[in-house]
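Letters A, B and C mark the chains in the order given here, with residues in each chain numbered from 1 onward.
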């Protein structure tokens, strides 16, 4: 009987070991390092994270914590930085980003940074949504009533695309209208201004400077103020790295200057 | 005895728990989200994946499913999008891409997008190959008989590299010949046209526009038609994201136009 | 009693199975593929890794193994290539890179390639440090005495940033001084020349060519020789992929030429 008892005792220990393992290696989300983990590698990085980044930059005026969360999520998704994703999804929800907006942001960034980046967020976001009891009825439906299209701006866009992309790739012209400008951008659960804000963030994060002027202009047409755009660069410096932001500065300067004149 | 029985019963449950855990967190491949997983995050993204992307884009004429698989794998490897990799390796094999071609594509993209991206594919591809019973004898050997070199084109290339890279980095000049153009590009298990197709895809995926003109020209010299190149852009828009493709369009336009004239 | 014995026997097997599983799917570090794993996917890639890359490139004169390790780590961190990270952290330590230098490099690259890339290294580096018994007292403190600033070069930098970034983003101007040039670059546990070397490597790895001229110039001012910079390109070709390096060559050429003249 003592052997049996030993067996059960072992079992209990083992069960604990296995369930700990199961918890730690939860298949859906990679483990998120804590500030204490960071301190075992770089005390300075932990300090900068706590003091400068979370304690200072996130609290600066000029851009709300909610907007900073959208900008940051756009960077993480664009650069497929899944290690911090669960943390920032939770922070975004705490900062007032709605589940429906996160849902739309992921769908939006599939088109703007590639399908695989959106797919890489799914199991992590699913976990976060489950833990916060976010249900299907809080997510935007497949086919909501769309926002009205701005026909004047759409005419300018199609003229440009027809002329420049038409001779090269008719398929690209088709889906640019069908999937993006006649569908994605008109979906109501993420405001055009917010779609622009995450698109601009994604362009900076992925170094796609050639598309930046058009999208920053659209962002400001959609209501992003110059003060907000300016402060986005401060937030983005930390999350995309300084070089990507410095490369974007001349384009921001050009757009800001040209809008002052007009 | 009842304790012992309880112990065994517990063991059975525990064994199941442990083996489930082992299965779910299979170390080699990250879990692949299903369309149902996607629906818990973004019903629209699931719908777009099923209807537009898999149901429509992949079936467009102009580029075969086999070529679309090579293009898509090149993007996933270039952007290290490992979450979708097992799914697309299987789809590629179903679409007629040979194991030997996948093997060569990974080796090729080590040189064109960095060693670490190739390394990141190994355990996932190993899993897929094992499950499909793909054995060593279906893989290209280390040193197969090489394809003949096109000496005229090689003379142009070496003249360019000697002049432009020679004064900057003799080591780079050496390995560009020794590892790439006198070895990699001549390996017979991936056709030059297919090597070009995945190289062009990788350049677009990583935003390396400065190298695109030379490689698209080489691709078309190697047999890629304008219709195929054009349709690659449609496929790539979804997998690399729209901005990368729009940045590539002017280069495609330039190459298409200059070949019409000559 | 035999059941109990069977239970214990099972337990032992199970414990082994669980602990194997725990080891393989160690939550902190992704499994590192071996050369044998590579051979099951691409015998040529395994051969190239063993013979050309590890056997030849790493042993070339012009750049020490220690410097090659810093360059390679900078690429892995910039491209978030975590699969090879544990291997290269160990190789770096074997090659004479100090734990304090690795610590500082991660902190440095948080600013130069984005916070999420630094965060993604933490649990893997923590594991490597633990296994090698590297303790807190070997890591740089949060606030060490800083190196003296070079006021002449700092005046040039602030004049440039004030003029070009000032009108666009005052926040960015502030943190460029406060966090980078009055703090990070003056931290003593990674020499300015080494900070420059990993910054240049990160810029090439992420395709940030627009910032390359200024940082290569600074690198050479900080003591990086032309022979070392030239050989960095050979190392980087393999780890970032050929296209990124070819895009960097004209900038290297320009900086090398202008320094010869002056």
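Observations on the model:
What we mean here is this: a residue touches a chain if its C-beta (ideal position, glycine included) is under 8 Å from a C-beta of that chain, and two chains touch if they have at least 3 such contacts.
Because the structure is predicted, anything quoted here is derived from the model rather than measured.
These two copies of the sequence, chain A and chain C, are related by a rotation of 120 degrees on CA atoms, to the nearest 5. Because chain B and chain C carry the same sequence, their contact can be compared by residue number, and under half of the numbers here are used by both.
Distance from the chain B centre to the chain C centre is 25 Å, each centre being the mean of its Cα atoms. Counting partner chains per residue, chain A has residues 1, 3-4, 7, 11, 14, 18, 21, 25, 80, 207 touching two or more of them.
Every residue of chain C that touches chain A in the complex is listed here, in rising order: 1, 3-5, 7-8, 11, 14-15, 18-19, 21-22, 25, 27-28, 80, 103-104, 106-107, 109-123, 125-126, 129-130, 136, 139-142, 164-165, 167-172, 174-176, 179-180, 187, 202-203, 206-208, 210-211.
Within the complex formed with chain C, the residues of chain A that make contact are 1, 3-4, 6-7, 10-11, 14, 17-18, 21, 24-25, 31, 33, 37-45, 47-49, 52-53, 57, 60, 62, 75-76, 79-81, 83-84, 205, 207, 209, 230-231, 233-234, 237-247, 249-250, 252-253, 256.
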